[in-house]
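You will see two complexes here that share chain A, one where it goes with chain B and one where it goes with chain C.
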Partner chain A sequence: MFQIIKNEWQFLVRSRIFLGISIAFIAIMLLSIFLGNYQTQKQEQTHQNAKNHVRQQWVSIDEMNPHSAAHYGTFIFKPTNLLSNLDEGVNSVTGNVLRVEGHVQNEIVHSEASQMQAVSRFGKLKPSLLLQYIVPLLLVFLAFNTVSNEKQSGRLKLLVLQGAKPLQIILSKTLAVWLYGVLLLIFILFVYGILNVQSLTTDILARTGLFFISYCLYYFIISGLTVFFSSRWQNATLALTSMLGIWIIWTIFLPNILMSSVEKWHKLPSRNEFQTAMKEDRSKGLDGHNPTDKRSLALKEKVLKEYGVDSVSQLPINFDGMRMQADEDYGNSVWDKHFGNNRSVLKKQKQSFQLGGIVNPFISLQNTSMGFMASDNLHHQEFLLQVENYRRVFIKMLNDKQIYGGSKTGDWGWKIDNAFFKSVPDFDYKPTEISAVISNYILDVVLLFLWTILVVALIVLGTKKLKMV
Partner chain B sequence: MRSLTIFLYEWKHFTGSPFKIVAVLLFIIASLYGLHNGADLYEKQNAEIERINNEAKTKIETTISYFENNQKGPENRPWIDVTSTFWALWHTPTYHLKKPSPAIVYNIGQTEQYGFYKVIGTSSSPYDADMTKEIANPERIQSGTLDFSFVILFLLPLLLLVLLYNIKGQEAEHGFLPLVFVQTGAKNWWIVSRTAFYAILLLLVLFGLMLYGAMLTNVFDSANIFGNIFLWITLYLFFWIVIYFLILKYGKNTVSNTLQMIGIWLLFAFIIPATVQQWITIEKPTNLMVDLIDVSRDTKSEINAQSIDQIDAQLFELYPNLKDTKVAKENIRVSGIRGLSSDALINVEMKNATQNIEEENKLKNKLISKTYWFNPITYFQNKLNQLTNTHYNDYETYRNTIQKSVDKRNKILVFDVWNTIEVDKEKYLEYNATLSNNE
Partner chain C sequence: MIQIQDVSKSFKGDLAVQNLNLEIKKGDILGLLGANGAGKSTTINMLLGFLKPDSGKVSINAIDTSQNAQETRKLIGYIPENVNLYPYLSGLENLDYFCKLAGLKYSKKELEDYLSTCGLANDAHHKKVSGYSKGMRQKVGIAIAYAKKAKVYLLDEPASGLDPLASNELSLLLQKLASEGATILMASHDIFRVREVCNRIGILKKGILVKELNSKDVSANELETLYLQFMQN
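Entry: the complex of A and B
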């Protein structure tokens, strides 16, 4: 088997067209990695400048009432991700700026895609674009005549007469082509690793390893299927056109149709419906800015009783802050309900889309590629959750200061000094570890394995009916 | 006559090739799916607009009832007084809407990157959070909706490839190419005729599909849209036909022709647009709107902290006629009046900040436009976006009209506050008429 693979490679290396295409392709891959890295560095610089600027504004507040500070709020910018150099996923279409303030959970805004006219429907020149769309085509071009040519020239019969088993021949040819894809993959990951060697962590290595496995499986499916067609059809052109047809259906046609369909099966509310429903639920709770609100009055009675006093002026704390925090707590339950509902719809959409991997392994590859590179919607939602958790801690700190900081109820002119603002921690994004989210991609990986087994089965069964000429 | 014979033979060849028939059928199915996606979006946006208009109507009726029942506002909000200009305007619901063009059935364009309705207040800006896209799955937006334009821009060249790939190559491989040339007289004419057959076939299919699409959203209600879009789609088809024709003319065999065709398609559909987008984001990284943030927080605080004289001076510069109002003439120095007027000054600063953002975006668009000569798919995509009012520029126009609406609202607020106008039902209705929902 090794000898056949070696022969295949010797044959490939002798081909000028093969060498030309490989050199051109490697040049594009290098370009994609370097440009991707450079873009990440520039975006990271922009992000860091914006982050520092906003933080500087916050720590420079001389003195301010805590609740005014809650309205002043802060802004969180979606950080760039080293892994997104390989697969950018949803990053260019999601927003980048999230306002953190009292009373409301905001949505992330200002996406990259909204800041210019349309350019590319398939995203930027990232390695994933080449690895997902172009490399499989190269494998098809390498494999479509690999067996049919042998048949036409009579070499296949000769090989069998020399003692090689048909299954060995077909599998070796599959592996020879597959190896080409794997080598390109290794090359791209190696260059990526060299360029980012100082930033590599165990998590990044684990993610990259899983990314590598997914692509290896997909390349085997493509190589195996093409070699299978090459052995089944008498005509090489038929094998090529069949595989091109499959490539078009798998990569261009089905993912788009399926993604549009799952959004219809599991519907998200419109923005207006979403906002109206939240406003409606919000209005049923306590209004922090309305002291005459019935729920505010009930809370006041409860607090007065707890402290054993008759009026808020006798309280050792600031009741306004307490009302504001009660408002926040109620608001948080509303945001959890509605944003939680959206998240669960998005999860259902994702799960339905993942099932598409049964008929289309490219869908599984796309999911694992984005997922392992931390740039899919799941990771985006994790980021949003972290920001919301930070917002709650941030606002509670301000409300607690209002309550227990030494001011009295109604004293809206009371201000806290700069030391307090400096003590409020900045948002610290903790990248989601692969171990926490891997369960979400098991289905995709399993489907890729099943497809691999199916292709092996096809080769084994197909070889039995193989005609030598 | 000679061409007709070639056409008839080509028809026989086409009907005898299940692979080509299946490809055409798949193309038609994808087109129908895409057209329905566009029509669904059209209906969804119109339904949302109707819902918003009804909501606004209910709000107006509720406020009118306050005037009719001599109420100042809702009972649980005692601080509200709708007879004051500020609260009357607060209760004048104004939405700025971007009504979808019926041509959206053909091309969704950048529709899903932006919002299409915006509630207007005195402190609104075209870059507010509610100007972002509808709530949608980002993975779907990233992969793009399969609309008719996607089918045209990306699948049409592939369909053409499937229909043309074996022209000449197959005959050459079977060794009867010289015979064909002898029988048909001219090599080029034979290839042109066979290619023309598929061009006509595809034009008929496309025309039929576009007619079907037109029935879904009444495209014919808008003058020339159908004709213009069909013209551009025809040009796009011819662009690919010319490329493929040249490959066939100079190609040696089917496999090499197929590889060259798919190579060119990959270059134009993937590599060039993706490289351009990567280059643009390096040249002009995503704007994180720090200028806008500064205005919305620091500049706003600075304006609000100014003295009455400083605010008055800026307001008089902004609205020279303000000097003729009651407050100015009688020199009434109430800080509350200035407080209510400060939104107009903040609005000026916001406009300056948004202008910078728009300028930066224009630069990006200019850079993209400069690549059109070697980036044809992006060119055709943006052309279709312009024809269907879903281009970046259409949303820029939408943002500009939003800004004008905010300007108008601020001017009314400032002048009526400075004239100490007491609002009654008629005045309230006048506000609604002046600031009515814009479509």
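Entry: the complex of A and C
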């Protein structure tokens, strides 16, 4: 087998066209990595500057009423992700900035796609674009005539006469082509690793390893299937046409058709429906700014009873803050209900879409690629959840200060000094570790393995039907 | 060495070979003459183990080719009409590659010797095969079989398209191989070349061996007359 693989590589190395294409491809690849890295560094710097600026504004508040500070709020910037250099995933369309304030959970805004026409129209030139679309095409072009050429030239007979078994020949040719894809992959990961060597962590290495395995499996599927067609069909053109057809169906049509179907099966509420439903549920709760609200009055009665006093002016605490926090708590439960529902619909969509991998391994590859590079919707949702958790802690801290900080009910002019604002912690994003989310991608990896086994079975079967004469 | 006993083979009802009986001994060169579709290539493919006879038995060195093709193939050197080698490799690299596939590892010197023995000029050994003539490729093809130490050589129209010099060189080479003990079966249209190279001649017509004779018993002109008679009847 080694001799056949070596011979295939001799052909590749000595072919000027192939070398030219490879060099051009590697140059584009390098460009995409360098540009991606440069952009990430720039974004990271902008992110840090914006984060520091906003934090500086917060810690510079000299004196302010805590509830006014809750309205003043702060901004959270989605941190750049080193891994998204390889696969941008949904990052360029999901937004980067989120305003955190009292009473309301804002949406994340300012996506790159909304600000850059080139990104919204063509996407970004990321290695994943080349690895998912162009490398498989190169593999198809390398493999489509590997066996048919041997058959047509009569060399296949010579090879078999020299003792090579047909299965050995076909498997070796598959491996030779596959190896080309794997080497490109290794090259990209190596350059990426060198450029970011100081930032590599165990989690990043584990994610990159899984990313590598997914692509290796997919490249084997593409190489094996093409070599199988090359051995089955009488001429190379038919093998090439078959594989190009499969490539178009797998990468262009099926993902779109499946995603649209999944979105219909598990429908997310429209933005308008969602906001109306939230508003409606919220209106059934307590209004923090309305002391005459029925639920506010009930809460007041409860608190007065608890403290054994007749009026809020007799309370040792600030009841306004308590009402605000009750408003928050109710708002949080409304958010949990509606966003929880959205998350569950998104989860169902993801699970259904994953099953598309049964008929299309490209779907499994895309899922694992984005997932392992922490740039899919699941990771984005994890970020939003962390932001919401921070918002709750942030607002509660301000409300608690309002309640227990020494002011009395109705004392809206009461202010707290700078030391308190400095003590409010900044948002500290904890990247989701792969061990916490790996279970979401097991199905994709399993399907890629099953496809690999299927391709091996096809090769074995195809070998048995291989006609020498 | 080669035994074909009462062999028949048909494709979709059309008989390609019918009750064929042939025996080629060690050192013999048998020339199989016949028009296109006479069954020459089918016979060779059955000897190679790529086709199974419908009836009868094909054996090489007493091993049935349809039962144990892997074993019989070890003994065979096959030279098709067009020896298509890998054009991006030199003659020497091609020889080295095919030898390694057969599990044979030769030094550069040994490989060069094989090529030279089979008549390939020394200055061509390291040139890419894409620049070789048909005759040069055939010599490498024979060198592959020779380096494999084949006991049986099966040649399918080997002289077709060769210039007279190359054709003559091929004849000498085959006679040399036979003198070293090789068994050779050569399918051809070329009556004169077959008469010159082979010690035995068989004429195939529509899958039937219509005549078998010793080449020394017949002149080239007589053989041509005989061949034409069979073809016309």
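Here, the second predicted complex is superposed on the first by the 462 of 469 C-alpha atoms of A that agree within 3 Å, B and C clash if a C-alpha of one lies under 4 Å from a C-alpha of the other, contacts with A are read in each partner's own complex, and residues count from 1 in each chain.
We take it that contacts are C-beta pairs under 8 Å (C-beta built on N, C-alpha and C of every residue); 3 or more make two chains touch, one makes a residue touch a chain.
Computed from a predicted structure; not experimentally measured.
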Check your understanding: Should A:Q325 be classified as contacting the first partner (chain B), the second (chain C), both, or neither?
Key -> neither
Exercise for review: Determine, under the contact definition given at the top, whether A:S270 touches first (chain B), second (chain C), both, or neither.
Suggested key: first
Exercise for review: Tell me which partner A:Q132 touches in the superposition: chain B (first), chain C (second), both or neither.
Suggested key: neither
Exercise for review: Applying the touch criterion given at the start, work out whether A:Q3 contacts chain B, chain C, both or neither, answering first, second, both or neither.
Suggested key: second
Check your understanding: Where does A:S15 make contact in the superposed view: on chain B (first), on chain C (second), on both, or on neither?
Key -> second
Revision key, fill the gap. Chain A contact check, chain B vs chain C, more residues touched by chain B
Review point. First (chain B), second (chain C), both or neither: which does A:K157 touch?
Key: second
**Study point:** First, second, both or neither for A:D293, with chain B first and chain C second
**Key:** first
**Study point:** Of all residues in chain A, those that touch chain B in their complex
**Key:** 28, 31-32, 35-36, 38-39, 42-43, 45-47, 49-50, 53-54, 57, 72, 75, 77, 89-90, 92-97, 99, 106-107, 109-126, 129, 133-134, 137, 141, 144-145, 236-237, 240-241, 244-245, 248-249, 252-253, 255-257, 259-260, 262-263, 268-272, 274-276, 290, 292-293, 342, 346, 349-350, 353, 366, 370, 376-377, 380
Review point. If you look only at chain A, which of its residues touch chain C in the complex?
Key: 3-4, 7, 10-11, 14-15, 153-155, 157-164, 468-469
Review point. In their shared complex, at which residues does chain C touch chain A?
Key: 45, 48, 50-51, 70, 73-74, 76-78, 80, 82, 84-86, 88-89, 93, 97-103, 141, 144, 148
Revision key, fill the gap. Chain B residues touching chain A in their complex are 19, 23, 26, 30, 33, 37, 44, 48, 51-52, 55, 76-78, 109-110, 113-115, 117, 127, 129-146, 150, 153-155, 158, 162, 165-166, 170, 254-255, 258-259, 262, 266, 269-271, 273-282, 285-290, 293-294, 297-298, 301, 360-361, 364-365, 368-369, 378, 381-382, 385, 391-393
